[in-house]
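Lettered A, B, C, D, E, F and G in written order, each chain numbered from 1.
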Amino acid sequence: MKKKLLTFMLTLGLWVVFAGRMNIQVMMFGTIICSILSHLLANSVFRFVHLNGGPKQIVIKITYMFFVFSAFLYDVFLSAVKVSRQAFAWNPSFSPRIVKLKTSDENSSDIGIFAHFLTCTQGALALDFDPLHKNYVIHWIDVDSDAEAETRKALIRKQEHLVAKIFHSEG
Amino acid sequence: MELPFVVVTILFCLGIYTIITQKNLIKIVLGFTIVESSLILIFVLVSYQPGGTAPILDKAYHLVVDPIPQALALTSIVIGGSVTAVMLALVIKIQKRYRTLNVDKLRKLKG
Amino acid sequence: MVVLYVILAIVLSACLTFYRVMKGPSVSDRIVAMHAIGVMFLLVLVLLSYFFARKIFIDVALVYGVFLFVDIVIMAKYLRKPEQGGVRD
Amino acid sequence: MITPGLFYLIGALLLLLPIREKMTYILAILMTTAALMMTFYLVPGDRVQLEFLNYTLTPVKVDRISKLTGLIFTFGGLGSVIYCFRICSRANLRLIFIFIGSALTVAFSGDLFTLYVFWELMTISSSFLIIMASDGTKKTGYYYFLIQVAGGLSALWGVFLQYAATGDLALKTIEAGIPFFMIAVAIKLAFVGFHTWLPLAYGKAPFYVAVVLSIYTTKVGVYVMSRLLPGIDILAYAGLFSALFGIGMALLQTQVRRFLSYSIIIQVGYMIIGISMGTVAGITGAMFHLVNHILYKTVLFMAVGVVVYTTGKDDFENLGIMGRKLPVTSIATLVAFLGIAGVPFFNGYMSKAIIKDAVNEPLLTWGLNLMSFGTCLLFLKFIYYAFLKKSTISLDKQPALSMQVGMGLLTVMMLVIGIHPVWLESVTNMDVAIHYFDKKHLVSGIQPFLWSIAIFILIKKYVVKNYEAPLPYDLYRQIAKQVVTTGYQLSNYHDGKLTKYLLWTTSTLIILLALLLF
Amino acid sequence: MIDFLPILRQIVVYVFFLTGSYFLLSTAVGMIRFPDLYTRLHASAKCLMAGGISILMGCIVLEGIGFVSLKLIILLLFLLITNPIANHVIACLDHSNTMTPNPISKNRS
Amino acid sequence: MQAAIWLIILPLLTAFFIGISKVFYSYKLLFPLVTGSAILYLYLLISVIDHSYPPKVYSVGDWGLLGINIMVDPFSGLLLLMIALLFLPVIVFSLKYITFHTHNYFILTYIMTAGIAGMVLTADLFNLYVFLEVSSLSSCALVALKKTNKAIEGTFKYLVMSTLGSFFILLATILTYDLTGTLNMAEISVAFQDIPFQIKSILMAFFIFGYAIKIGLIPLHAWLPDSYEESPIPYNVLSSGLVMKSAVYALIRVLYILFGFDFLDETGMLQIGVVWGVVTFLIAHLLAFQQSNVIRLLAYSSIAQIAYITIGLFVGTERGLIGGNFHILNHAIMKGTLFFVIAIFHYSLTAVDIKDLKGLGFRFPLLSFTFVVASLAIVGLPPFNGFISKWLIVEAALDAGFIYAAFSILVGTFLSLTYYLKVIVTLYTKTDKTIEMKEPGLALKLPTIFLGSLCIVFGIAPSLPLSLIDKIPTFLLDHEEYISILLGG
Amino acid sequence: MVKKLYKLGLVVSLGMFLFVLFSDIHNLDRTSKNYLSEHYISEGVQETGAINLVTSVLYDYRAFDTLGEATVLLTAATILAFLVPVTKADMLGTTFTIIVYQATKYLIPFIAVLGVYVIMFGHLSPGGGFVGGVVMALIPILLSLTYGIDFSEYKLTPNTKKVVEDIGAIGFILLGLLAVLTGNNFLANGQAGFPLGNAGELISAGLIPYLNVMIGIKVGAGLAIIFNSLMKEQ
């Protein structure tokens, strides 16, 4: 039920945003359509998401998500600057390498989300995912030495914990 | 104003040329899509007016392009898409049955 | 009129990216370039809605974005190298 | 007032009913007799008019010539139907009825449209008679049908030209498109050069079919020619030539029916000459000859039919059975022989005399004499095989009674006309003003007969010899072969290549654009 | 103060647009100059993303508060979700292709 | 005139309902749905044909000249009459004959019928294109129904060719809109009077080319026999009877109404049309003679007969139009009969080659007789209906001065006899082989005999259909009246 | 070689003809010919109640075309549905990682709402039944692409899609027949007395939004059938 409600809220929000206006007709149609949609979609979309906890935790989580998101945006810009510097450099020096990274995440939503983080930040690129060993295959664009790779990996782990908290009830 | 027509003509003839010269079935179908798109471009050209805006009148506009060709273009896009889909399905079938994509190998029916 | 200049800049970069589409040694290169161009034109659509002062272009951009994504997925699913049974580049 | 042919057509429809065998015979006799009576009481000058499409048609128009033709057609129909209803199947009887009915309708038709329609109906029904008869006649039927339809289409084109020129479909002497009518009639008449179908059809088809066909097919041609193309001089010589050719070909035949069919060509020659004179006497003579010819040629075919029926083959050798085992047939054959030879007091004499009188050119007169002489000579061969030559053929089965009745009917008619030819004139009010039995005519009539007996005795071994039938050179087959080859090549162009088809398409587009623009 | 706010907004918009243009241009240059597919994918993933975000942010600021900005934000989120996935999909395609040992293909290429 | 719109809606609704019934009720609902709708459709058709003179206009959506108009005039009445004559027999026949993909067959048949009815009724240029596509795509689908190799190949060829034709029709339609600013045929016709000669003639060439592909004039015919060969035979009845004819209808509509008779005369299109027709049927007859497959033979014969129709319609006189239109009707009936008989043979003993037909004349006497009647009618021998219409065409051609065309038609008649006779002779050849066969039921025989008897009835009493056809030339030769009615309604 | 040149010549001459035609049309001076489009532009909003003139043309002035077009799509779907083999064979393709699955899952509500929005606001914004239907069709398409045909057909069986498509088509006709019930012509909207409402609101323009919905679900289901059928072929 919670999942359905969540989906309903989400879709209704989307609907209102799309509609670009708030009046009785829009809300009426939105309610009908979104309840149908949420009825149809809720279980398949949020299958692995655990929603236990009251409204307060949800509020906290949303704030948390907002912060993570801002950090993420910042990271995107940061790494974009790096890459663009490479692009405009006279003699771009690349030291690309492909690395396997083991993840501790169990939740597939986490894995998915984290792949986004990987791809958009840190000069890394999630090439592949090995579901058996839970290994990301990552491509780095400018890693010179193994030591730097290790530090990078540590950085990634940190982020991973940040992401993992989104879908876990601990908040 | 002359230039778009030249482009459309070239596109149209390119499509026809593809259809009549290519031996690969998929390329023939691609030729059809090229002709199709050139026809849609003609629709657009017909409806175009210098300085006109899209025919969605959420407020009063000075100059609006002709809505009819746009509607007709939508119709012909759907029809063309359906025809292309059927054609592709047939191509797949042919590839499966005849084990070839060469048009000239389709010679079970003759005489 | 800053919007116009931005549009021009984006179109310029799209044209530059098109070089990769033309040349790209492998299919994947072309797909990447096409995707980049697609996103650029999506942005152009958004900017055009300011240039023409018609908000309807944003709706178009939304739908276009969805199509862009599905296109890439379809291409990635079915374009393989010849030795794997795919269509020759 | 209706056309007598309608009786036959209705009869054909009634035959569709699931009735018993005996009822069929009664029905057949009833319908044929009714048609005969109807024709007898038709008054010249009657006509029926009908609105069809936007023409005014006259499907029935009676005058003296058509009445005469109609009478002999119905009478021949009676005889032949009686002759064959026991031996042919219901379906064939139906076709025979349609055939006779349409021939009669042609004889009474008053406009070109009706004429053409029933002309083609004759073709169709007779072709199916041949096609459905047996497996051996398929190709013959095919050939026959095609040739006849070619003739019919030629007539149709003539009709169109005539209509375009005069704006009228009435049946009268043709003004436009004469060559096409000529071809049409020539094919129907089995003119030399257009005769290839005749021996094939009559020689291969079952004997009863040959009997029916021999009554109507060529005779309708004669009738139509007398209506549409009278008085064209050149045709007389052509007819003469055709007859002489017929004599020559007939001598070479080994099959009796082929022999008889070539003899039809000779007899038709008489009629062509008569009609080509264009005078009343000539046409009347031709029509009388038509009557007589129908009578004796039908009897001859029937006699041969009996032979075929009883022995199974129609070689000359098989005729030997006639003189010994088949008395009725023998008498009929003899009467018919004397008739065809033009011996006085037999029927052929009368019409030949009229035609001879009507002809006033020495060449043609001599030609006629030659033709009479040749005919006699030919039929002496027939008689020789039938009665004089020893033969060991045995009878398989007895001829059916109906066959003999039909044959006897016609034989009696022949005798009546032969002895009292004026009766024929009085029935149809055709006054020829000729003394049949004066000295001049008697002499000229008997002369070729006597000469031929003498010559026959002299050159008997050449006449009765079994010749190798010459391989006929058929121009039409050659043309057909060419056409089929062309078609084959065209068909080979369609080799299933889509690119080729698309190329044709595009070329057509460009040609079309160029044609329309410039 | 009242005049200052629009000017500030204008400046922010300019900045956003400028950075956006810069990133997009760098995407194009990167596309051309980078040596192999993966590095190009980096350009496509990061620079393009940054450029898109910048320009959309610029538009949002230009628009001000309203439903249209919300719509733009949704577009932005959508791009954020799909763009990495698109890159990942392409990379995955190429990665799994190259990982399969196939000597013939190497000779051919 | 409410019934006119139902002519298009009813088949569509039926098709969609069959689609639903397929999922829920499999075969239970099929028979009542199909036959009930066909009978209702027949009633509607008759009531519309009954009111086809004087012409009436029905505006879809009440928009008048702003929207799409539907118009019933005697010419469309003729085509509707053909649907009325063919549709119910085909449906009854197919219910027994079609044993695979039954639902799809009926869905597509109904959609095709709706498309044809739409083409026939509409008075709007773009709507014509749309319905043309509806009918041609669904007929493509029906060709592929058997899913054999040949069927797929034939469908592909058909689709490629017909789409190529559609493109040119669409191109011409767009440009017509560009030139005149409207899509209503009457308004276009009025506006076309000011358009220069050159533009009009190129547009006309595109229209003619597009429709000629669908008609199958040589050398645009190559798809036609291929597509006929492996398709379900009852469909061929509709295909040769209605699909090709509707293309002819559309062509004549466009040429005579849009461009007007005077323009056709001016460009020499009439001459081109007649010459094209002559070439077409001569070649088609020669090709038909070569075929060993009866269906292919009939397909080539269809091409030839269509060429006769073309000649009749392009002669440009009143009589020619009457003859051509009568031949449209007659050809549908005759070819329908022939295909039905062949379908029954195919149903009973899977015979489609000529040599397989040996001896069937004695096994199926009535059906073979029907076949003979229909083939003689199609050859053009009296006293069947084909003769009357050919007579009219030849007479008109002669009247208008096309002597060569008139003469060639007679030659063509002779040529067509050669191959039909070949089939007939084979039918009546006795054979010793004992053939196992299924007995065709009454459902198969009845439609066949109905159509076959029409051959004779229309031959003996041609005034029955001609009373309708006689009114057609008024609205074609002089398009002013048509235009005024369409503009006024 | 000659053949190739010949083909080239054909195409070039076709191009010349086309160019002549286009330049002729362009050089033609047209004076106030397009009264139809002017009428649509000036009166269309009042007459149909739809702001989007393309929609008003498609679903009101020329709705009959739309019916035919929907029929074409349905025909294509039917053809493809019976052309596919009975045994399902997924076309060989790259299988995606779990990352793609997740992203697809979260995109589905978004696409659904977007599709509904495009359909429902067809008379107010660009789009309409067709575009919306295509967007809706992306859901099963994405499912088939990422999760495979089997999953997609488990979620939405072909029969369901078929029925939905038929219902859409029937609904379109029935909505058209509503006007007939009120004694007007088929597919009449404003004339038949359906309330047009205030232009620019969601519930306005009489039947147009409902026609949009019907076409939307029809196109969506039809495209899904077409795509799945093409994918099933191997």
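Heads up, the rule we're going with is that contacts are C-beta pairs under 8 Å (C-beta built on N, C-alpha and C of every residue); 3 or more make two chains touch, one makes a residue touch a chain.
Fair warning: this is a prediction, and the values are worked out from it, not measured in the lab.
Chains making contact with subunit C as well as with subunit D: B, G.
In summary, the chains found to touch both subunit A and subunit D are G. Nearest to the overall CA centre, using the mean of each chain's CA atoms, is chain F. Of all the chains, the one whose CA centre sits at the greatest distance from that of subunit D is A.
C-beta contact counts were set side by side for C-E and E-G; C-E has more.
One inter-chain figure worth recording: subunit A and subunit F are separated by 62 Å, centre to centre, where each centre is the mean of the chain's CA atoms. Taking each chain's centre as the mean of its C-alpha atoms, subunit A lies 16 Å from subunit E.
Annotation: 30 Å between the Cα-based centres of subunit F and subunit G. Computed from the mean C-alpha positions, the centre of subunit E lies at a distance of 58 Å from the centre of subunit F. In subunit F, the residues that touch at least two other chains are 126, 130, 133, 137, 140-141, 144, 147, 156-157, 160, 164, 175, 178, 183, 198, 202, 225-226, 290-291.
Subunit G has residues 7, 10-11, 14, 17, 34, 36-37, 40, 62, 65, 68-69, 72, 75-76, 79, 83, 94, 96-97, 99-100, 103, 106-107, 110, 114, 125-126 in contact with two or more other chains. In subunit B, the positions touching at least two other chains are 12, 16, 19-21, 28, 54, 56, 58, 68, 72, 75, 79, 82-83, 86, 90, 93, 106, 108-109, 111. Residue ranges of subunit C in contact with subunit G, taken from their complex: 56, 59-60, 62-63, 66-67, 69-70, 73-74, 76-78, 80, 85. Of all residues in subunit G, only 94, 96-97, 99-100, 103, 106-107, 110 touch subunit E in the complex they form.
Within the complex formed with subunit A, the subunit G residues making contact are 97-99, 101-103, 105-106, 108-110, 112-114, 116-117, 120-121, 155, 201-203. Of all residues in subunit B, only 16, 19-21, 23, 28, 103-104, 106-111 touch subunit D in the complex they form.
Contact residues of subunit G toward subunit D in the complex are 6-7, 10-11, 13-14, 17.
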